[in-house]
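After this come two complexes, each holding chain A, first together with chain B and then together with chain C.
Moving on, here comes the complex of A and B:
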């Protein structure tokens, strides 16, 4: 194997591929990054859950394949001087030359490396920036407790031209709908994707204009979802768990709808929340023209702040975990936040105030904190 | 327990009682409490070796009369061993409700002296009598009065240590047992402490004693003359400083009327080891139920659930998980305890003891609670509150999980040793 490549191109490709190297490899070869050079250069990594493969056009002088320590290769590529890189195999070693620097790396047996899972059949495409934004809006509500796997995922529902993403940690629920271009107009599929992997993946695929999503609806590649864009393709094993039936959780009625400037509201929640001890709430009292934010009680430090707000409906007192509230406010992507509430113990729904009156494409449901029984 | 008892030297100390000026802390300790209470109803056993404790194969001595102690029997000793040491002893099963009733009467006497009563157990308490001197006299006088009243009203004897600090008072009461009173004058504390073995100090367990012995420190005096930095290096920062302070009689802890619970727990030693995961889970349910009832009874909720699992060879595994929200619901404690048990790798392994404990306690009523999505308005918490009401009216266990009703009917290997363990 022998090929030359630009330093920046290589560093980018290696860094992206190295993301799915296992931290503690279950078998030694999985610590490796597979380099395949021919008409194209392919870099691959796999940890049995997530696979990543980067493909780019090169012109190899001699085609060939090698398996080297991924971690080490990534660190080396990050630190190389700005000069073209030449990679050659020399028996059981790989030599990497860049400017006046030269590295010799040990190789692992290529034949021991597992073959990467097949990409499931393509289901459709979506704008990469829009997809990354939507995933980040939803992934904030996913749980991090691995003992409840169904709460650590983002549910992806595909129904014709509509994709719905949803996640919940039992205390809040974030749902985003967006349009995409399906391969077949009558496509219908669901998948539960690990939230962390999905949000990392979506962010890392914004180099291309579009992301193609591959999802099996039975047959090959079941239990797997694939993403491809800008020469990068990655597959992830799906969570095998039942997602909460969340449609019934939306409140059927609301007794008060408040509208507040998102930025100042978030700032005030942050300030007042400074005195809220762990697991204690920020209390909100909505009146006709204002909202009073309070935190802390009894012998603890206390804070209070008043903001202008418009309220349609009855006055209401309600308390929230300040971090949950801030997550929602930061995700709505709108200058005006709209809170629809029912009672102090019923879920509230946060949305951005839409430019035109229609169903908002992002809704964040948050459970209040009950002050005392 | 046994080691501490070896420190005890019976009989009142020689010489007249010392100067009690400034000695405002009293430690009152009932003499062989459980046995003394039993003897009230079994006077024919007076003067004979008597042991209170579980009679089963895994029974443990809860208390021994002084006559039985002369044979080397002491509490926390396996009953089988006690029987070998003293075959002629009368073995009585423990009746905790009786002891609790007598204890309540004794504590009432203490509280008539001072509101500053800190109970350590059913049978011992610290009293701060600084505020009672004008009304009732000098501390030694008050100690004598308490001893008379306990005998007159409850028919049992106790020993009183009088000193300027809690731990010296406790040592003093141990020293003058049974039926004694000892004043350790403030200016004789060092003379009193220094000849004692290091194990006499509060906080010196077997491990610490071992570390100290490596340094050649056998008595409290040895400890006192060792530079505090050396001690800190050997036994840890906090412990080292603490022990050094104690060795010079410095103990800043004051008598506090009610010490908030740090945890509420219950554990069970089986008569025969149990390996069946179903039976272990049933036991976890029973213990969780009891812990839940006691949490709700005391108006507390806890965030951390811990289980204790002891194998046949006494190796013990403790696993804890902190929940997102504090709970006082037995169902939630049980679910967490089961998950911990399953994750412990001891499923199917024969166990001799299991325990469930809830830590990180907060006041339940005033703690804000994060509500969860789709959570029913009324759930297990309300069901368990209803169980509490039924128990109040018809007795404990009037309503209980169906899994436990069956278990009680079968001849199951429980009823070995069952203890509530609060810290």
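Moving on, here comes the complex of A and C:
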């Protein structure tokens, strides 16, 4: 194997592929990154859950394959000088030359490396930036504790031209709908994708204009979802769990709808929240033209701030975990936040104020904290 | 078990020397022949002690504890005895299995469908030649599953389950038996080892199993 490649191109490709290297490889070869050079250069990593493969055009002087330590290769590529890189195999070793630097890396047996799962059939395509934004809006509400695997996933529902993403950690629920271009107009599918993998993947695929989503669910064998865009292709195993029937969680009626400038509101929550001890809420009192934010009580430090707000409906006092509230406010992506509330003990819906009246494409449902007094 | 509370000073003569000045202390003389001198602090840890076998020679105002093999001596100079009583404790049943762990086993056996719809319990504490398996059950496809329950899931728990699985899989009536490692918290190393051996990991929610409902959640 012998080929030359631009340093930045290689560094980007190696860094992206290295993201899927397992932290604790049960088999030593999985710590490796597979380099396949031919008409194209292919870099692969796999940890049995997630696979990543980067493909780019090169002109190899001699085709070949090699398996080298992925971590080490990623660290080396990160700190190479700005010069073209030449990679050659030399017996059981790989030599990497860049400017005046030269590295010799040990290789592992290529034949021991597992074959990467095949990409499932393509289901459709979506704008990469829109997809990354939507995933980040939803993934914030996913749980991190794996007691209930369902809570660590993002549910992806595909119905024709509409994709719905949803996740919840029991304290809040985030749901986003967006349009995409399905392969077949009558497509209908659901999948539960690990939230962390999905958000990392969506963020890393913004280099191409579009992301192609491939889905294999149902039938025998484990479900799998694949994403492809800009020469990068990654697959991940789906979570095998039933997602909560979240449609019934939305409040049937609301007694008060408040509208507040998102920026100043988020800043005030952050400020007032400084005195909120762990697990204590920020209390909001909505009146006709204002909202009073308070935190802390009794002998502890206290904070209070008053903001202008418009309220349609009855006056209401309600309290939230400040972090969960901030997550919602940062995700709505709108200058004006709209809070639809029922009572101080029933969940509230946070949305951005839509330009025209219609269903907002992003909704964040948050459970209030019961006030003890 | 003989308990003595006395004002005493203690001198230790052996590999090294130590001296405890005159003060009120608790002296424990256990049935195994050990003697230990305790102050009113440091939990279980004595100020000084002599392991069995040892002999106690009681003289007026001076007790001498001599170690049977090494001849090391603990000399107690007694000024005043404040309390002296003996109690027959009998044979101790030993340290019982962690309360939470036993309870988790009981609860999971009772709610075996936590592991999956249609699962059935075969029995708790299923006996094998190398000790009982916490839970043996059948999954929805009638496959045998051995479950090892821990409070904290670490490497040695996976090893334990591996040994059970190896033995259980020799039984033609049960084989093939797969394993589930269930714990309230599973260490990443244990997770990797379990996955490598084809053992599934399940994190248990003690509160949910006990039926303690969370307050202030959406569902």
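Throughout what follows, the second predicted complex is superposed on the first by the 366 of 373 C-alpha atoms of A that agree within 3 Å, B and C clash if a C-alpha of one lies under 4 Å from a C-alpha of the other, contacts with A are read in each partner's own complex, and residues count from 1 in each chain.
Criterion: a residue touches a chain if its C-beta (ideal position, glycine included) is under 8 Å from a C-beta of that chain, and two chains touch if they have at least 3 such contacts.
All values derive from a computational prediction rather than experimental measurement.
Annotation for the three-chain superposition on chain A: chain B and chain C clash. When the shared chain is aligned, no partner comes close enough to touch A:247: not chain B, not chain C.
After overlaying the two complexes on the shared chain, residue contacts for A:146 are found with chain C alone; chain B is out of touch. Shared-chain residue A:26: touches chain C; no touch with chain B. When the shared chain is aligned, chain B comes close enough to touch A:280, but chain C does not. In the superposition on chain A, contact of A:100 is made with neither chain B nor chain C. Using the contact criterion defined above for the overlaid structures, shared-chain residue A:319 touches chain B, although it does not reach chain C.
Using the contact criterion defined above for the overlaid structures, shared-chain residue A:115 touches neither chain B nor chain C, since it reaches no partner. In the three-chain superposition, chain C clashes with chain B only at 79-87, the remaining stretches of 25-33, 43-51 or 79-87 being clear. Residues 147, 168, 170-173, 244, 249, 347, 365, 367-370 of chain A are contacted both by chain B in one complex and by chain C in the other. Residue ranges of chain B in contact with chain A, taken from their complex: 324-325, 339, 364-375, 377. The touching residues of chain C, when paired with chain A in their complex, are 188-189, 192-193, 195-196, 203-205, 208, 214-219. Remark: chain A residues 147, 168, 170-173, 244, 246, 248-249, 279-281, 298, 319, 321, 345, 347, 365, 367-373 touch chain B in the complex.
Interface of chain A with chain C (complex): residues 23-24, 26-27, 48, 145-148, 168, 170-173, 244, 249, 347, 365, 367-370.
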